[in-house]
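Common to both upcoming complexes is chain A, partnered first by chain B, then by chain C.
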Partner chain A sequence: MLEAKGLSVKINGIPVVTNSSFFIPEGKITAMIGESGSGKSMTVAALLRMLPAGALASGEIRFMGTDLLKATNEEMAVLRKKEFFTIFQDALNSFNPSVKMDRQLYAFSAGRVGDDQESFRKKMKAILGKLSLSAEILNQYPFELSGGMLQRCMIACALYVKRALLIADEPTSALDKVVQKEFLKWLRLLNESGTTVLIITHDLDVVADVADEMIVMRKGEIVETGAVADVLARPTHEYTKRLLDSRF
Partner chain B sequence: MTVKWIGKRMMLGALVLFIVSFLSFFIMHASPGSSATAYYGGNAQTLTTAEKERISEAFALDRPLIVQYGAWLKQTVQGNLGVSAKEGRPVASILGERLPNTLLLFGVSMFFIIIGSIWLGMTAGMRPGSLLDRGLSAFSIASSSIPAFWLGILFIYLFAVTLGVLPSSGTGSLGGDGGFVDKIKHLIMPASVVVLTHVGLYARFLQESVKAEIGSYYVMAARANGVEEREIRRGVLRNAFIPYLNYLGVTIPSFFGGSVIVEALFAWSGLGQLLVKSVMVKDYPLLMGGIMLTGLIVVVSLFAIDVLMYTLDPKLRKGELGG
Partner chain C sequence: MKSRKKLVFWCSLLGLILAMTMLSDLLATQPVNEMDLDSVYSPPGEGHLLGTDHLGRDVFSRLLQGGKVTLAVAVLSVALSFVIGVIYGGISGYVGGWTDSVMMRILEALISIPSLIFVLAFQAVMQGGMWGMTFIIGVTGWFTTARIVRSEFIRLKDADYVKMAKMFGTPVWRILTGHLLRNSLPPLFVVTIFNLAGAVFIEVSLSFLGIGIPPSIPSWGNMLYNAQNDLLIGAWWIGVFPGLLIFLTILSINFIGEALKNSGRRRFHA
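Here is the complex of A and B:
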């Protein structure tokens, strides 16, 4: 589905991701784990081609035959709209505070697939119900909802558009344990409906709970990859072992 | 918009006018010289002490200041602004003659400042790092640094003296028909000076506000999800407009005060010029009336801005910001 070869990212000449190669298999949930500053979010920014000012990526990221680092801005805009769905850590700030939720959810979902308002409302209400959210939220503003509810709204949009790849950058770190568990349940639901998932996290419990494959990053480099069950049972890199030790 | 909210704003406006009137009244009476001077007309040197005392007594100027203020406040609340000490005519009719000119200069200048700053600020803010972005920053510094009187003199020299295309001063030509075209010709230079010395600062404020919004988390999330750029921009502009309106509201009083200089420079027969003359001759009834009318215009402008902000900002509507 997605393969990176020799990916490097430098910010103002300083390397933050170095010669990283990894593979995201189709239909699976792959977790990218590592401590803060290990280069996980920068890797995501590189594959979305949304690097901050002064950052430069080199190497290759292939998605369905397209090298994302060489794609034109127009091609990337189409990929982001038609193939990816991205959820960020801060759900509260992921929505415009002055715009009602119905308009924003429409833009994040129905607007991307060309549905009209009527079918959007019908479908979205059904999905919100599935996620234990009242349709009332459509008439509310983001600041009237909790972080957990807003993260569920993002999942609702992801369920609506059912894109090939869902990228979730630290989606659970701002959620309490109960909401986190539920969020992971919906993530699995989404995966079961055919969406490949790349989840970025620093929480090993999240990895163990939801992921099939894992990529361990440290100081901008990939130190270990493999099936979650294998890596957790037989870690080979010292950093992974330390990570596992710190879990208990 | 709730009746409660409107009522609250109107009460606040009335309170502001009361404080302005109280401070103005006592500050002007604290200035050196007798408040009866204007009533003496050209006879100040020849009047005897007894005659001066009679004048003070006739106009109740011998009473304690707080009593004088109370009497002024009572008649003002009843809609009577009193009689000009210098001209002997009702203050309301003198102000009524000047008000249209001030409203014309203020309204036209404000219109072009708002239109110009919105267009410049939004266009430049949407293109960070562009030539327009950098150019507007430079223009803003120049616009806010140039003194209005200097630009006014330059305009008079250029367009009135050298080119002879615009009248140098006044609100209408001597012997002219006082028609619309003549009025506009006289308005062009003072309004241009007010606009050019203010538009850059307002545009820069909006530009920075748009740039801050463009860098917001929600814009990143929307772009990462391929939300239409038009939809993103609409939200960005709406949010950037809220602090801009706030800034406009905060600066309107000083903007209004600054136009006094322009009125004086171009002999624009407005309230500003009238107020300056009233101070010179100690015509306190006229001065108080002028201050109250100016204050009322500012309060009404601020109310209009509050209504706009209320409409744009849902947090204000939902009472999250104590609105």
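Here is the complex of A and C:
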């Protein structure tokens, strides 16, 4: 599905991701784990080609035959619109605070697949019901909803558009444990509907709960990759062992 | 008085002043420039509610018409400065980098010069009437608006919802208007309210100095200008009433701005 080879990112000449190679298999949930500043978010920004000013990426990121780092802006815009869906860390910040939810959910879902308002309302209400959300939320503003509800709204949009790859950047870090469990359940549901998921996290419990594959990053380098069950049972790198020790 | 009650009081007072000036054609008892040389300097009373001036013109009617001119100049000039400030600050904040640095240095240079100097320089060149005054106050009053827009755009452009919009291929103009400008409106609104008070003050000041609205058009400022000598001969009503209305208008605008600023601050800290 997606393969990075020798990916490096420098910000104003300072390396933040160094010579990283990894593979995200189709139909699975892959978790990228590491401490703050390990280069996880910058790796995601590189594959979305949304790096901050002053940052430069090199290497190769191949997605469905296209090298994302060499694709034109137009090709990238099409890929971002038609193949990717992204969920950010702070759900409240992911929605425009001055616009009601129905307009925003429409833009994030039906607007991207060309559905009209009527079919959007019908389909979205069904999806919201599946996620235990009332259709009432469509008439509310983002600040009237909780963080968990807003993250579920994001999942609802992802379920609506059914993109090939969902990238979730620290989606659970602002959620309490109970809501986090719920969220991961919906994420699994989305994965079962056919979407490949890349989840960025620093929480090993999240990885153990939901992921099939994991990539461990430290100081801008990938130190370990493999199936979650294998890595958790037999960690080979010192940092992964320390991560596991810190879990209990 | 609770802050909400205060806000309602000052809004009602300003609303009353605005309504009276806007309905000046209906409420005026006499044509504003009609002279009655048989009743010059009539004190307030029967026939002339607020008395007459040195040419026998009705002060009440001129006060209403003058308010319309003063407030129209203020509102239109603030609208002009709002547009210029939003465009300038928006480009500076959104584009960033060298463009932002250069635009901000220019803005700082402009801010360091007292705006009255700009106004006087423009006025000397344009010799403007009502529209000229509007233009002059508008093109010299956008500096604060631009700074606020720039800082809000810089703060908001890295928000996740803007990143989402960019990722979904939302056109730049929609990001600028629907995401950035829309969410910058609360602080902008407060600044605009204060700019409005400032614009009333500049119009009044220039007209009081005799370089503002031409004498043929009544405005609160040139009514005060004409009243300077009248005060010496005891015709207090010619200067006091426009002065009182200027005072109440600026005071109510400032109190409204202050209340909105405080409510925004409380919401921010909540």
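Structure notes:
The rule is short, and it goes like this: the second predicted complex is superposed on the first by the 248 of 248 C-alpha atoms of A that agree within 3 Å, B and C clash if a C-alpha of one lies under 4 Å from a C-alpha of the other, contacts with A are read in each partner's own complex, and residues count from 1 in each chain.
Quick note on the criterion: contacts are C-beta pairs under 8 Å (C-beta built on N, C-alpha and C of every residue); 3 or more make two chains touch, one makes a residue touch a chain.
Bear in mind that the values here come from a model prediction, so they are computed numbers and not experimental data.
Partners chain B and chain C, once the complexes are superposed on chain A, run into each other and clash. Once the two complexes are overlaid on the shared chain, A:M50 sits against chain B and chain C alike. Of the two partner chains, chain B is the only one that A:Y141 touches; chain C does not reach it. When chain B and chain C are set side by side, the one touching more residues of chain A is B. Under the contact criterion defined above, the residues of chain A that touch both chain B in one complex and chain C in the other are 48, 50, 77, 80-81, 84, 86, 88, 90, 93-99, 107-108, 111-112.
Considering their complex, residues 48, 50, 77-78, 80-82, 84-86, 88, 90, 93-100, 107-108, 111-112, 141, 143-144, 157 of chain A touch chain B. Residues 48, 50, 53, 77, 80-81, 84, 86, 88-90, 93-99, 107-108, 111-112 of chain A are the ones touching chain C in the complex.
Listed in rising order, the residues of chain C touching chain A in the complex are 96-97, 159-161, 163-170, 178-179, 182-183, 185. For chain B in complex with chain A, the residues that touch the partner chain are 216-218, 220-228, 231, 235, 238-239, 242, 312-315, 318, 320.
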